[in-house]
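Each of the next two complexes has chain A plus one other chain: chain B in the first, chain C in the second.
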Partner chain A sequence: MDTKKIAYLLLNEAGIGIVLFALCLLFSLFVPAFASMNNISNIFTQISINTVIAVGMTFVILLGGIDLSVGSVLALCTILAGLTITKESLPLSAAIVLSVIVSMAAGMACGLFNGWVSERWKIHPFVVTLGMLNIARGAVLQVSNSRTIYSFPKEFNAVGTVSYFGIPLIFVVAVLLVLFGHFILKKTVFGRMIYAIGNNEEAVRLSGHNVKFYKVAAFVICGATVGLAAILYMLRLNIASPILGNGFELSAIAAVVIGGTSMSGGKGSLIGTLLGAAIIGVLNNGLLLVGMGDFARQMVTGIIIVAAVVLDTYRAKVSRMLI
Partner chain B sequence: MKKLLAVVITVGLLMSLCGIALAADKPVVGLVMKSLSNEHFKKMEEGVRKWADADGTFELVPVGMNSETDIDTQISAIENFIARKIDVMVLAPADSAGIAPFVKKAIDAGIVVVNFDNKLETAALTANGLPEDFLYVGPNDEKGAYMVAKYMGEKLGKGAKVILLEGSPGADNARQRQEGFLRAVKECELEVLADQTAHWEIEEANTVMTNLLTRFPGVQGVITAADGMALGAVRAVEAAGLGGKVLISGYDNQDQAKAMIRDGKIVCTIDQFGAENAIEAIKIGFRIKNGEKFSGWTETPGKVITIDDLN
Partner chain C sequence: MDTDNIISVQGVSKNFPGVRALSDVSLDIKKGEVHVLVGENGAGKSTLIKILCGIYSPDSGTVYLDGAPYNPENPRAAMEAGIRVVYQEFNLLSYLSVAENIFFDKLPLKGIIVDKKKLYADTADVLKRVGLDVDPSVPVELLGVAQMQLVEIAKAISSRCRVLILDEPTATLSPSEISRLFDIIRVEKQQGLTVIYISHHLNEIYEIGDRVTVLRNGEFVGTRNTGEIEIRQIVSMMVGRQMDSEYPFMDEPRPLDAPLLEVRGLRIAASKHEISFVLKKGEILGIAGLVGSKRTETARAIFGADSKLGGQVLLNGAELDIKSPKDAVGHGICLLTEDRKSQGLILDMQVDSNVSLAALDKVSHRGLINHGEERRHAIHFTDELGIKTPSVAQFARNLSGGNQQKVVLAKWIFRDTKILIFDEPTRGIDVGAKYEIYLLLWRLLAEGKGILIISSDLNELMGICHRIIVFSEGQVAGEVLRPDFQQEHILRYAYRVS
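Up next is the complex of A and B:
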C-alpha cells in the first residue's frame, strides 16, 4: 500500500476518529478523572440512546431525508411500553417481552406513516415528520394523561445497570446495532441500493427499481431504532415519561452529520455516526468535568458541530486531490 | 353544489357558535395555565374542574399551552377571552414580563384579571400602566426553595458538600428557587460544589449528575428545583453505587416524588398546592367582581413533604 492510499484511508475513515481521540487526550490532560474506568463507563451509558436513534437517522439521511419526530415518538414508545410492562394481569416475562414488541411496533408504525405519506404525496419528509412530531407528542400526553410511569418490575430495572468489565449492557446493544447496520449498508443489496438512491435517485428509478420501497423502509428502520432506544431509555432511567425526548432529534442529526454523513444523501457510514455520537458525549462530559459553565458549554458544543462539518469539507477536498 | 354546501356549513357553524355564547348566562371564568404536559398544571386543571363542577355557579374555560414558555399561544388565549368578554380571568403567565401588556388590555376590556402561580414582574406592570402592587395570589418560590434547602441543611449538618440542580435559566421560578436555595445554603453554611442547570429534564439531570459525581465523589447532598430532576439524580447516585449515601430533595410533590420518598430514595419535596391556589384565585376574582378591592401579594402556603407526612 503506498502512502497516498494510506493517507486517503486515514482521512476518509479515521478523520472523525482522530478528532475524538484528540478531544479525549485533551480532557485527560486537564482532568485525570476523565480517563477513569468509571467515567468512561458513564460516557458509554450516556451516548447509547443517542447512538441507537442516530443509526436509524443515518438510514433516513443517506436517502436525503430527515426525521424530526424521533424525540416525540421515543416518548410515545416509552409510555406504551411502560403501560404494557406495568400491567399486573400479565406474567412478568410476558410483560417484558410484550413491552419490547409494543415499543418497536409503535416506532415502526410512526416510521411507516412518515415514509408512506411523504412518498405517496411527494411531500418533503421535513414537513411530514414535523407533523408526526406533534401527533406523537399529543398522543403520548393524551394516553398518559401527562403522568410519568415509574413502577417498573425490579427485574427489568436491574438489567439497566448490568455491565461487563465496565462496559454497560445498553452500550453493547448500541454497538451491536451499529455493526449490524454497517453490515447491511455495506454488504447487502438493500444497503447498496440506499447509497445508490442517495447518490442518484433518478438513475435508480429509471433502471426499474422500486425507489419508494427503499425510502419508506428507511423510515420504518428509523422508527424501529427509536422503539429500541425507548426500551434502553427505560432500562437506564426506569421511567416512562410523556415529556422526554425534547430535542433528541437534533442530537441524533448532529451525531450523523459530525460522523460525516452528507445531508444531501448518498455518502456516510454508521461507524462515523457512532464516532459522532461519541464526540457529543465526550464534549458534554469533559467540559463539565473541566468545570465550564452551562452557557459556555452549550456554545462550545455548537462551535464543535460546525467545525467538524467544515473540517469534513476540507477532508473531502484533500482526499479527492489524492486520488 | 359544493359552494352551497360550504355556505350552509359555515352558517351552521356560526349559528351554533352564537348559540353557545347566548346560552352562557352564567359568568365565565378563563383559567390560563402553562404547559399541561407538566403534571403540576395537569393536576391543577383536574382539581379546579372538579371544584367548578361541584360549585356549578359559573362556566370554567381552562386553557393550557404547548410548553412552559409558549408565550404566543398564551397571548392568543387572552385575546380570545377579551373577544368573548368573559368575566374573570385567572392567569399563570408563561413570561412574567411579556404578558403584562395583554393583562392591561384585558382589564381595559372590563375583565377581572387575577395573576396566580407565577408573579408578573413589577417593572413590566408599571411600564404598562398597571399598579405596582397588582394583585398576585400564589406561592413564594424563593421561600419554598429556602424551606426545602433549609430542611436539607439541617439534615446534612454544617459544612456538608452539596450540589444544586436548577431549572431552565431565564425562567422566573427557576431563578427564584435558585435564590431561595442559595439563601438557605449560606445560612446553614453548606459548601456548594456545583450549581448547575438541568433544564427541568430527567435525562439531563441524570447525565449532569453522573458527570458531577465523577468530579465530586464526596458529595453529601443534592438539592433540585424539580421532582423530575431529583429522579434523574437518584438514578445517577444509584448507578455510582452511592444509593442511600447521598441525600436528595425534589420540588413540587408529584406522584413520582411521593413514591421515591416512601422508598427512602429522596428525603423531601415541597407541595405548593397548585389546584387550591387556582381555586383561591378564582374566588378572589369573584369578590373583586362584587366590588371588593385587593392588591399586593396574597401568599398561598407551601409545605415541605417528608416521609412523616406520607404515613
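Up next is the complex of A and C:
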C-alpha cells in the first residue's frame, strides 16, 4: 500500500518537483557555471515569458482545448504596444500605461475570436487557433510594414533590468500570475467550473450552467496572458517585432503538459505548469552549458514532452486503480 | 470440492482505502443455475463480479473455476475462460455502430477489410435473440438507455460464453423487455449457460432465479433456494431489520388544484404528435410508457436540454421561455437525467463537488467557494440519503452504482427547485434506500413543489404517484388516477396502437 501511495505522489506535482530538483542537482554537480548566481538569475529571466503564456494555456487545456495562436498574437501585441509607446504626442507615463492596455486588449480580442468562433460553430479550437496563428501574423506584418521597433524610452527599458537579490522583476510578475491563477482555479466558482467542464461538459450543462461562457472566457484569459507576456518581452529585449514568437505555442503547451495537465482536460494545476516551465528552462540552459547544440536541445525537449504525455496516461491509470 | 460447482469463491476479501468492500466471502455457483446476488447499495456485489472477471484481484482468498484456482490477469483472460459480463454502467463506444460494438473483438474480415455484409447479418441474428429492433448500422449514441442495455446483452451472448454475469440488467427495462430478457435467459440456460444475476428488483428472484445469495456490508449473509424463502425474509437478510412494505403509506396531503407546470402542445424532434399535460402543486405525477415512447425526450425538451419544435411551457400560468438548462434551472425546474455516468456526475470529482454542482451559489460568496460550507452540506446529504462513502472527499467514480445515483439526487435536492423532473430516479437503488427516498419526496411535496417521475418500474409509479399519465409513441395515450391504478389498465394505454 505504501509503495502505491508513493507511486501516486511521484506521478503528481511532487514528482515533477523532484524531477526538477534532480535536474538542478545533476547540472550543478557536473557544470560548475550552472549554479552561479548569475546563471540562476538568467534561467529565471528565460522562463518568465513562457510561464506567463503557459498560465493562460493551462486554462484552455484544462477545458480540453488548445491555443496554437499565442506566438503570433504575441508578436501582434508587441507591435501594437510598441507603436503606442513610441508615439511622441503622448506623455511618457500615459504612453506606457496605454501600451500595456493596448497589448492586453489585443490579446483578449484575439482570444475572444478564438473562443467565440470555436464555440459558435462547434469547430475544434485546434483549427480555429491555427487560423488565428496566420491571421495575427499577417496582420502584424501589415501593421508594422515588416519593421522592428526598438526606440523605446529608456525609462521603459530600465524596468526590464530591475531585479531584487538576483530575482528579476519579470520573473516575480510571472510567479505572482501563477499564484493568482492558482487561487482562481482552486478557490473560486469560476475555477470549479473550469475543472468540471473539462471532465464532463454535458453534465455541467445539464446542471444549469452556461458552458459556452466559460469556454470562451478561458480563451480570453489566454489572450490576456499573451498580452502581458508581450509587455514582458519588450521589457526584456527592448524590441517589438512582427516576426518574433515563432514556436512559443509549443513551449507553452510543453510546459503545461510536462506540468501534469491532461490534454483531454479536467486534470492539472498551475503549480505543475510553473514546474513544467522550469524543467524546460533548466534543461535548455544546462544542456547549453554542457555544450549541446540548438538542434540536439530541441530534440531533448521533444523527447521530454512525449515522455510527459506517456506519463500522463499512466498517471490516470494508476490513480484510478489506487486512490 | 463439489464437482457441481462451476465457480467457487473461498474466503475472498477486498479492501479499498477506507472501505472493506468484501470481507471473507465464500459462495458457490452451480453449473447451469441462475444465481441471484442481492444486497444493499455498496454491499460489494459489483466488486465480487469485478473479481470474477479480472478487473480486481482479491486481497486474500481464492476463486475456483471448475475446481482449479482461477485468478484472471485481466478482463480478456476472463473472457477467454468463458466468463462474460454486462456491467451496471454502460461500456459501449458511442460513436460506433451497434454491429461494431457487438462484434468489437471479433469483426468478421474479408482479407483485411471488415466484411460489412456478414457483420450486419450476424448482428441482426443476435439482435433478434435479444428482441431488439434497430438497424445494426445505427451508432449507439442514438439509442436510448434500455436499447443500449440490450446491445450490451447481445454483445455478451454473441460469443460462446459459459457464465453470463448480469449486473442490474433490468434497472431501466420496461416489463415487456424484462420478460423478453427472462425468456432469453431461460433459453440460454437450457443450453447449459450459468447465469449470475444482480438486481434490486426482488420479485425477479422468483421469476428467474434458482438460488439467491445475500451480501451485507461486504459480508456473506446466506444462500437459499428461491423456492424456500419469502421476499420479506430476503429483505431482512439484506438490510438487517424487518421492512413491512416497499412504499411508505400515502397519507394524502392531496395535491392542490392549482396547476404548477403546464405543458401545452409541446412538439419534439422525431415525433409528429403534440404533448399536453398538467402538473399540480403538491403532486407526484408519474409518466409511464414503453421504451421509445419519448418520455425522456419530452422531459429534455421541457428542461431545455434539447430544443423543442413548438408548444408552450407554463409555470403558474405564465409562459416560460426556456432555451437552455440554465434558463430552466433559473425558473425553478430541474431534470435528473437517466444516465448518471455521462449526464449526471463528474466522476473524477469529489462527492461534495458533485453535490454542489447545481447550487454553487449556495456555497460561495462573491465567486469564492467556501469549502467548509460545501463540505457541511455534502455531509448533510450523505447522511440524509444514506450515501455510503468513506468521506465526502471520495471521488464519485469510486462509489457503488446506487450510491452514485443518490449523489445525483442530492445535487438536485440541494438546488431546491419548485419542479423536479426525475428520469428513473431510483435506478440501481436498493429497497431500503428507495423507501427513504420516497419519504423524502413527500417531504418536498409538503413545501408545495411538484414532482414529475419517469420510471420503467410500474410498481414504483403505482406506489408513489397521485396520478399517472401514459405515453405511447410520442403522445399522451391516457391518464390514470390513483384509485384506478392497475397494471393492466396502464399497460393497455402503453400498448395502444394508434
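One rule holds in what follows: the second predicted complex is superposed on the first by the 299 of 323 C-alpha atoms of A that agree within 3 Å, B and C clash if a C-alpha of one lies under 4 Å from a C-alpha of the other, contacts with A are read in each partner's own complex, and residues count from 1 in each chain.
The working rule: a contact is a pair of C-beta atoms (placed from the backbone, for glycine too) under 8 Å apart; a residue touches a chain by one contact, two chains touch by 3 or more.
What you see is a predicted model, and the numbers here were worked out from it, not measured in a lab.
Asker: Clash or fit: what happens to chain B and chain C when chain A is overlaid?
Answerer: Aligned through their shared chain, the two binders fit side by side on chain A.
Asker: Identify the partner contact of A:T161: answer first if only chain B is touched, second if only chain C is, both if each is, neither if none is.
Answerer: It touches chain B, and chain C stays clear.
Asker: Which angle, in steps of 10°, is spanned at chain A by chain B and chain C when each chain is reduced to its C-alpha centre?
Answerer: Computed angle, apex chain A: 130 degrees.
Asker: In the superposed arrangement, which partner chain does A:I303 touch: chain B (first), chain C (second), both, or neither?
Answerer: Neither: A:I303 stays clear of chain B and chain C.
Asker: Just chain B (first), just chain C (second), both, or neither: which does A:Y150 touch?
Answerer: Only chain B is touched by A:Y150; chain C is not.
Asker: Have a look at where A:I18 lands relative to chain B and chain C in the superposition and call it first, second, both or neither.
Answerer: neither
Asker: Quick check on the superposed pair: does A:M37 touch chain B, chain C, both, or neither? Answer first, second, both or neither.
Answerer: In the superposed model, A:M37 contacts neither chain B nor chain C.
Asker: Just to be sure I read the superposition right, which of the two partners does A:L179 touch: chain B = first, chain C = second, or both, or neither?
Answerer: A:L179: touches no partner chain.
Asker: Per the overlay, which chain contacts more chain A residues, chain B or chain C?
Answerer: On the superposition, B touches more of the residues of chain A.
Asker: Answer with first, second, both or neither: which of chain B and chain C does A:E202 touch in the superposed model?
Answerer: second
Asker: Using the superposition on chain A described above, determine whether A:R236 touches chain B (first), chain C (second), both, or neither.
Answerer: After superposition on chain A, A:R236 lies in contact with chain B alone.
Asker: Could you tell me how near the closest CA atoms of chain B and chain C get once both structures are overlaid on the shared chain, in Å?
Answerer: Closest C-alpha pair between chain B and chain C: 29 Å.
Asker: Under the definition above, what is the set of chain B residues touching chain A in their complex?
Answerer: 36-39, 42, 169, 196-197, 201-203, 206-208, 210-212, 214-215, 228, 231-232, 235, 238-240, 254-256, 259
Asker: Sort out for me which residues of chain A touch chain C in the complex.
Answerer: 187-190, 192-193, 195-196, 199-200, 202-210, 266-267, 320, 322-323
Asker: Could you please specify the touching residues of chain A with respect to chain B in the complex?
Answerer: Those in contact with chain B are residues 31, 33-34, 36, 38-39, 42, 45-46, 137, 141, 145-148, 150-151, 161, 233, 236-239, 241-244, 246, 284-285, 288-289, 291, 294-295.
Asker: Would you pull the chain C residues touching chain A in the complex into a rising list?
Answerer: Going through chain C, the ones touching chain A are 17, 303, 305, 324-326, 328-330, 334-335, 337, 342-349, 353, 357-358, 360-361, 364, 367-369, 395, 397, 411, 415.
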